[in-house]
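Have a look at these structures, which come just after this line.
In what follows, chain A forms one complex with chain B and a second complex with chain C.
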Partner chain A sequence: MADAVFLALSVITIGSAIAALELRSLIYGSIALMGTLGGIAGFFLLLDSPFVAMFQLAVYVGSIAVLILFTVMLVKRELIFKKVEDKRRKFVGIALMLVLMVALGSVIMDSGIKTITTDEPAVDFRNIGADFLTYYWPALILMALILTGSVTGALILARREDVENEQRTD
Partner chain B sequence: MSVIAPNFKFSEFVKSILDNIFWILLIFVLIGLPAVFIILFYIEMPVINGELLTPFLALTWLADPSRTLPILKAFMTTDLFRIAAFPGFGFAALLAAGTIFIERKMLAKLQLRVGPFYCGKIEGILQLMGDGLKLISKEIIIPAKADKPIFWAAPIIFVATAAAFVALIPVAPGWVVADVDVGLLAVFAIIGFFPIITILSAWSSNSKFPFIGGIRALHQMVSFEIPLILSLLGVVILTGTLNLSEIVASQTNFPWIIFLPIGAIIFFITILAELERIPFDLPEAESEIVAGWLTEFSGMIYGLVQLGTYLKLYAFAALFVVLFLGGWTGPMIWPPFPEEIITDGIVIGPIHAKIPGLPVFSQEMLNGVLWFVIKTVGVIFFILLPRGVFPRIRIDMLLSLGWYKLIGLAFVNIFIALGLLYAGVLGPGGIL
Partner chain C sequence: MSNELIDFVLVSVALLGIGIYGLSVKRNAIRMLFAIEIIINAANLNLVAFGRFLPHSGGQTLALFSIAIAAAEVAVGLSLIIVAYRMYQNIDIADFRSLKG
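Right after this comes the complex of A and B.
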């Protein structure tokens, strides 16, 4: 059962990833990207970590995919993309990807990950939270600072001072 | 003199009957028997009264009254029943249909109108059925330059997502379709899908008004999702769990609205915004942009979107009940099942009819469902009420409300919850 689900999820994830790269229509491409991200959430579910899976769905599918869709719909395609394509680039790209995948795969296979078998129950999300606040607190603070910095930067970049709103009365 | 069938020939008549018999036999052999075998091989049939239920004896099930109720009870424990009928889709759709009628009637009364009146004898009670028949029988018109696959898929995915939301709501102790450990997070994940569906359907219809409505819906939903999530964190902090059933079970003594009224108010306002209801109905503002992102929908596609919207309304109201009003908890007001019917059976004069399998539902479950429905209907009433009272607000006011005021208040709510927790009043190991 789990194997069949795993196979189906792999096909969905990889297939929609390829579709996201190859489709001509940007909207369909971003829908396919959503399929990829949702497939990864499915992998997390198979790995007995529904907490991470739900965050994957909420953050990646729910927010980031929406941002991508929003951008794609509102920006003229000709402004951001110049079509530089020929067959040779494509084949070189595919070959490069295959080489990378084979290299990474062999490294992972050699690392002894195949011999690990465990019956331990899945990690409770309460433990994740406790670890974040005790042992890993510097990382948490650092992440928070980086996020705050990026949000502030985005707000400053998005600010326009030339717009006068004379309709506002409040 | 006219003849009913001028070309009648007896041989043709016999031939048509033989034809029908042939096709019925063929379809039965090709579909009916394999179906029986599929059921036999793959579906675990329950044991009723000490003998296995076999699909071969399907007709005798009806003839044996002593087995009817046990079969019904066995069916009610299956996943299919839970998903399709009781805590899942059917129950929610029934409440949603009731909501549509009540909304129209109540709005009319608030505005000194009559509302639906002619369909059905009493107060237009069959209006909903009439509307449904009209929607089903109307043609589905697709705009010429629409993106057809997305345009077709969006309403269906909308209903499916709303149904997935409904599946997470616990209705009575043990009666929930999907009792997941991270239920509240699953709710957040599912809520995140609605803006995508909205914007995709708006874009796919390739028309101005839907697109403006879709962009507005996206703005609104994305900006109100954050205070929605933050306002619920107070409850999570105090209960220490994300499982919705456990959150309800933690409220047997008092509902959380007593201690977290600010969170409840924020959640209620964000519900109004997520459901695109007045005063936040900018995505469907009918006086500005026709019908917003629903403009190009017609026929049953529109019906599906409406069904999904009202399922979503039920689910949000039920979530409010589960998180802040104590879900199914309440004093026992449902009368117990009469004991003598279980022991002696029904006695009518000389006839004793003993019915095995009673009672079908336990008293706790019926009482829980009663309280849950009462509370949910109350919350739905308060969600409907602003529609008769308030005007629509401006979009910049909406965004500033969402981003500045509600998020600030949500943090106040979180600090109240943390204060209660660390003061040792509530939460794990608290006084109360």
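Right after this comes the complex of A and C.
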């Protein structure tokens, strides 16, 4: 059975996930998204994986959420607060969400994983480091190249060419 | 451990449902990115939960790779949104019409 910390974390995570999508202002929405990401980091701590939890805090809460916040600030003020949506489409979306949750939830509740518990000790994070440098080293290098390529691509995409040309003619 | 695997999986299913609702209803490009982030986090939670209960270090390793790839995806997605905002002066995806045929 779940304990009180788990229940509080799940209320925070799911509540702020709904808030991130439904709050009127995009700025408050991105702060609520930070709450969701921090709640997931708390779940990682409950699952005895502190290394992944710290990685989640550093990458998601520390960089991605701040990046989203700055992008939101670049957008015009009236667009941040504007909320365009179809009423009918919204009801269909909520129905889809509920059907999906009930269907997947009932399948999972009927399956064998309901009874799984463990008394074994957690995986030591030193094993993860050893895995990264032995078995997974090609994937690690590939991931570094993908990160470099995508960040360079993002910088090239977001560059403003008109401003650069104006400066050259001065 | 007092928590069971099923609790974490059910939280993950709830987050997946919320994310799919956001992707199908919202028309704001940044909100759709929020929904994608929520879905990716649900997947990571599943990976780490199953890795804890097996127990096997593969779950955490794969979750770390997934977090790093998600960071790259968000950087590219946000710069695409900025480019589209510069072209159309809007972040409503119904206005991004130049690929519409």
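Methods note: the second predicted complex is superposed on the first by the 140 of 170 C-alpha atoms of A that agree within 3 Å, B and C clash if a C-alpha of one lies under 4 Å from a C-alpha of the other, contacts with A are read in each partner's own complex, and residues count from 1 in each chain.
The criterion applied here is as follows: a contact is a pair of C-beta atoms (placed from the backbone, for glycine too) under 8 Å apart; a residue touches a chain by one contact, two chains touch by 3 or more.
This one's a predicted model, so the numbers in the text were calculated from it and none came from an experiment.
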Exercise for review: Considering only the touch criterion stated at the top, classify A:61 as touching first (chain B), second (chain C), both, or neither.
Suggested key: first
Review point. Given the touch rule stated above, what does A:34 touch, chain B (first), chain C (second), both, or neither?
Key: first
Review point. Between chain B (first) and chain C (second), which does A:153 come into contact with in this model arrangement: first, second, both, or neither?
Key: second
Practice item. Check whether A:50 is in contact with chain B, with chain C, with both or with neither, and answer first, second, both or neither. Key: first
Point to revise | Residue contacts on chain A - larger count, chain B or chain C | key: C
**Study point:** Touched partner set for A:69, first chain B, second chain C, both or neither
**Key:** first
Point to revise | chain B and chain C contact sites that coincide on chain A, given as residue numbers | key: 51, 55, 63, 125
Check your understanding: For the complex, which residues does chain A have touching chain C?
Key -> 1-3, 6, 10, 13-14, 17-18, 20-21, 26, 29-30, 33, 36-37, 40, 43-44, 46-49, 51-52, 55-56, 59-60, 63-64, 67-68, 71-72, 74-76, 79, 83-85, 89-90, 92-94, 96-98, 100-101, 104-105, 108-109, 113-114, 116-123, 125, 127-128, 131-132, 136, 139, 143, 146-147, 150-151, 153-155, 157-158, 160
Revision key, fill the gap. Residue positions on chain B within touch of chain A in the complex are 147, 150, 180-182, 185-186, 188-189, 191-193, 195-196, 199-200, 203, 218, 222, 225, 240, 242, 396-397
Practice item. Spell out the part of chain A that touches chain B in their complex, as residue ranges. Key: 27, 31, 34, 50-51, 54-55, 57-58, 61-63, 65-66, 69-70, 73, 125-126, 168, 170
Review point. Residues of chain C touching chain A in their complex?
Key: 1-11, 13-22, 24-28, 30-31, 33-35, 37-38, 41, 44-45, 48-49, 51-53, 55-58, 60-61, 63-65, 67-76, 78-83, 85-86, 89-92, 94
